[in-house]
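Accompanying notes for the structure given below.
To keep things simple, chains are lettered A, B and C as they appear, and every chain counts its residues starting from 1.
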Amino acid sequence: MERILDVKNLEIDFKTYAGTVHAIRNVDFHLNKGETLAIVGESGSGKSVTVRTLMGLLASNAKVVGGTVDFEGKDIVKMSEKELTNLRGNDIAMIFQDPMTSLDPTMTIGKQVAEPLRLHTKISEKAALAEAVRVLELVGITNAKARLKDYPHQFSGGQRQRIVIAIAIINNPKILIADEPTTALDVTIQAQILELLKEVQEKIDTSIIFITHDLGVVAGIADRVAVMYAGKIIEYGQVDEIFYNAQHPYTWGLLEAMPTLETKSDRLYAIPGTPPNLIDPPVGDAFAARNEFALAIDLQQEPPFFQVSPTHAAATWLLDPQAPKVTLPPEIQRRHQVWEEKFANKGVNA
Amino acid sequence: MADAKLSPDLFKRVTVDSTEKEKITTPALTFTQDAMRRLRQNKVAVVSLWIIIIIAIISIVTIFITPADPNKGNLAYTNLPPKIANWNIPGFNGYQDGINKYAGLGKNVWFLLGTDYLGRDLLSRIFVGTRVSLIIALVATLFDLTIGVSYGIISGWIGGRVDTVMQRIIEIVSSVPNLVVAILMLLVFKPGMTSIILAIGLTGWITMARLIRAQTLQLRDQEFILAAKTVGETGPKIAWRHLVPNLSSIIIIQTMFTIPTAIFFEAFLSYIGIGLPAPTASLGTLLSDGQKALQTQPYQLIYPAIVIVVLMLAFNLLADGLRDAFDPKSQR
Amino acid sequence: MIKYILKRVGYLILTLFLVASITFFLMKLLPGTPFNNPKLPPDQIVALKAQYGLDKPVWQQYLSYMLGLLHGDMGMSFQFSGQSVSYLIMSRIGPSLQLGLQAMILGTLLGILLGAVAAIRKNTWVDSVATIFAILGRSIPNFVFAALLQFFLAYKLRLFPIALWDGFSSSILPTIALAMAPLANTARFMRTEMVDVLNSDYIELARSKGETRWQTVANHALRNSMIPIVTIIGPMAVDLMVGSLVVENVFAIPGIGEQFVKSITTNDYPVIMGLTIMYSFMLTVVILIVDILYGIIDPRIRLNEEAN
């Protein structure tokens, strides 16, 4: 598989009045051409910061203190503002979380959708608007031509999100970043938008990075998954590997917290505790304080990645050969069983 | 890859104290403490507060002692420029346009800020004037506060037709510029401290009433009020226990903004002659007298002007600081 | 929309009616008339009173005044015998309107500029300077400022005329003095709005499209920040009217502000009443215009109204 984006050893600090927050602490991941990578994590895990770095859209008090982001032979971290402006909305585009506030309330949607085109290509207003109509129809806005002169508040939430998607794809970007695009929408609309994204991906042949805290959404759309916690990626793999053969206790917690029809328990599960303070990150594994499977070494050294398969790795000391065998939570046991039955012997798609 | 030299002990299971996980590391602050902390960090606001305190202290102290009698004029000393003892500091050496105005007046005669056209010590008059202006401003503001807050709470809390009528009344009253109303009132009452206080107080409450009403309307529909009601708390009790604490920040901030407006009003009314009667000293009368002598004795305008500007500036900056401190989302 | 305007015009008339009535009775309460001059022989006083209709019962005076108002007749001035109040006001309103408009335009435009720059360069020295400037504008009483301007720029440096109303150059200093407060208020309001707007999601989306910072300001931020400024034009009009009382006096400008102060000191009640009604009228009209304007320029309100 061809890699289109390669993030290595990314480290980002934020200067705040309370101190320096080490928000991203050594993050590694890559994006393959044509695939959908889901980045999953709690609020504050660093998912949004990571993807904003991909477009150079960090806040003014943020600083990249280490690492590289390779895209088409160049390092995005080292790009000038001019190069970044050329990149944004053109090669890499973003879809935002809240459709109610992402659109300029005082500008017609026709103009807003046509804007990226006019910014990056020499095209007349008329032609740009025609393109806008095409792409609006692509995302499912009916009667697009007549609605070019309408304002955002005249559309529903779901429609507005479609418009946001239209804005993002009008220049056929190579990478599409979706930052929790369905979190603010009703469940039924969620499904529609996810369907739309899959269609769009196929139609314009783009690669998607999808950020979410909802594993249920991941199941419907992702090819690969990376799980983030406290500024690091702690497990990554193909979607089935993560769902049915997860190895990191945090991933277990996320899976347990996601009720399914097969869940036997009568109480909703929540991972106890809260993420650590990143001004003064804990020594060792950042998850140790909330980890019922913690080992002594977790409090001293950070676990490295242990390879589970060519495409699946997890940073947990439990995978070290010296680690004791632990009794998996029932839900996880059930999943690993499904893994054994359905996937293990057949081999996973590369 | 794991280092093969790791001791097997390190791989023992450990239990982590779950209460540790829930502990919040920074001490909890109440809303007020948090706001005060933010305020303290705002150096400009702190300096302003100190300036106000110092001026207030001076005003109180000078009730008992002043360098000279502010109301007694000595015709031998009219229009003397500022002089500090017998030092020769430019601007403070008793010279004006090259002439020593103190010639022949005796060695120990000097006035720090000079004298006015009746021979009264300007410094003493400024002390008194500041005190008078401050008293008027504070009492008038208190008036504003009481009327405005009550009006706003009643209007916002009861709502419905009462609210509509009360709002219409405000619209009508505010259709006349408040200074004009104040002037009209002063024409009816005789000039003096009480009438000025009334005039200012009865015109300035509208802004506060509007703000309080808006906030009350917003709070009334919030869930914690509903929660209080479901627990059985009654109207006035809810108003006292829940509304007022939430309104307190607006009240304090708006009060801080009203004071400089009141100072300005008094100054202006006295300036155009319908404020305090002579020989009372207030910042307004001082400015009025000073402006008449501007071309020949500019210091008579400049020093009172400095005082009033500093006062208004200090209150405005403090109010700004308070507003930022109480509302952290108002990005500064 | 039409219904809304008609309703507001109705309120305007009601308000003016109430203001006129209250002012009338207030003036009737006032002790003394200008005819308390002991130098006048008694029968002349009686004659004067008859001339001004002051010998009739109060309710009759009230009725005739109100009826007169409908025709634009506000009685005769006490001070300038033979001159009607309305003539007095009309002949003087020109300079005041010109001054007010100039000050409003100057204050608003500069204020928007200052506020926008302060917001864009938030927390830098530019922001601090702009904010200090704005706060000073609010803290220096305009009569002090007017007096100082007059002293330094007109008297000492002889750059501008000291007073009176002789052509455009006479209006420069008073306009500056009058514009200080609107400038300060607009600047601080603009800054707050702009800071909010610059932090909003749609600005981030605009940047993600590839717009530079300045492009986001020009294409999106400015427009969204300026719309709420219409709401402060009402209070600004009040500030301008109040300020004009001062500024016209300092610079001896023959406007209604100067007239108002003069008629206070001479107890010229008809003029005082007439001017009060005039001020109230102007203010209510401004507020009405602002309301309508706001409904037009904010697409959210405009289109909702049409949809209803």
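Everything below uses one rule, namely that a residue touches a chain if its C-beta (ideal position, glycine included) is under 8 Å from a C-beta of that chain, and two chains touch if they have at least 3 such contacts.
All of these numbers come straight from a predicted model, not from anything done at the bench.
Engineer: If you connect every pair of chains that touch, what shape comes out? Choose line, ring, star, complete or other.
Structural biologist: The chain contacts form a complete graph, every chain touching every other.
Engineer: Count the touching C-beta pairs: is B-C or A-B ahead?
Structural biologist: The comparison resolves to B-C.
Engineer: So how far apart, in whole Å, are subunit A and subunit C when each is placed at the average of its C-alpha atoms?
Structural biologist: 55
Engineer: Quick one: subunit B and subunit C, Cα centre-to-centre, how many Å?
Structural biologist: Spacing between the chain centres: roughly 24 Å.
Engineer: Just curious, how far off is subunit B from subunit A if you go by their C-alpha centres, in Å?
Structural biologist: That gives a centre separation of 51 Å.
Engineer: Please give the residue numbers of subunit A that touch subunit B in the complex, ascending.
Structural biologist: Touch list, subunit A to subunit B: 272-274, 277, 288-300, 304, 306, 317, 320-324, 326.
Engineer: How about subunit C: which of its residues touch subunit B in the complex?
Structural biologist: Subunit C residues touching subunit B: 11, 14-16, 18-19, 23, 26, 29-30, 122-123, 135-136, 138-141, 143-144, 147-148, 150-151, 155, 192, 195-196, 199, 238, 241-242, 245-246, 249-250, 260-261, 264-265, 272, 275-276, 279-280, 283-284, 287.
Engineer: In their shared complex, at which residues does subunit A touch subunit C?
Structural biologist: 55, 57, 81, 85-90, 93-94, 96, 98, 101-107, 115-116, 119-120, 151, 153-154, 164, 167-168
Engineer: Please output the residues of subunit B touching subunit A within their complex, sorted ascending.
Structural biologist: Counting only subunit B, the residues touching subunit A are 1-2, 6, 8-16, 18, 20-22, 25.
Engineer: In the complex, go through subunit B and note every residue touching subunit C.
Structural biologist: 168, 171-172, 175-180, 183-184, 187-188, 260, 264, 267-268, 271-274, 287, 291, 294-295, 298, 301, 305, 308-309, 312-313, 316-317, 320, 330-332
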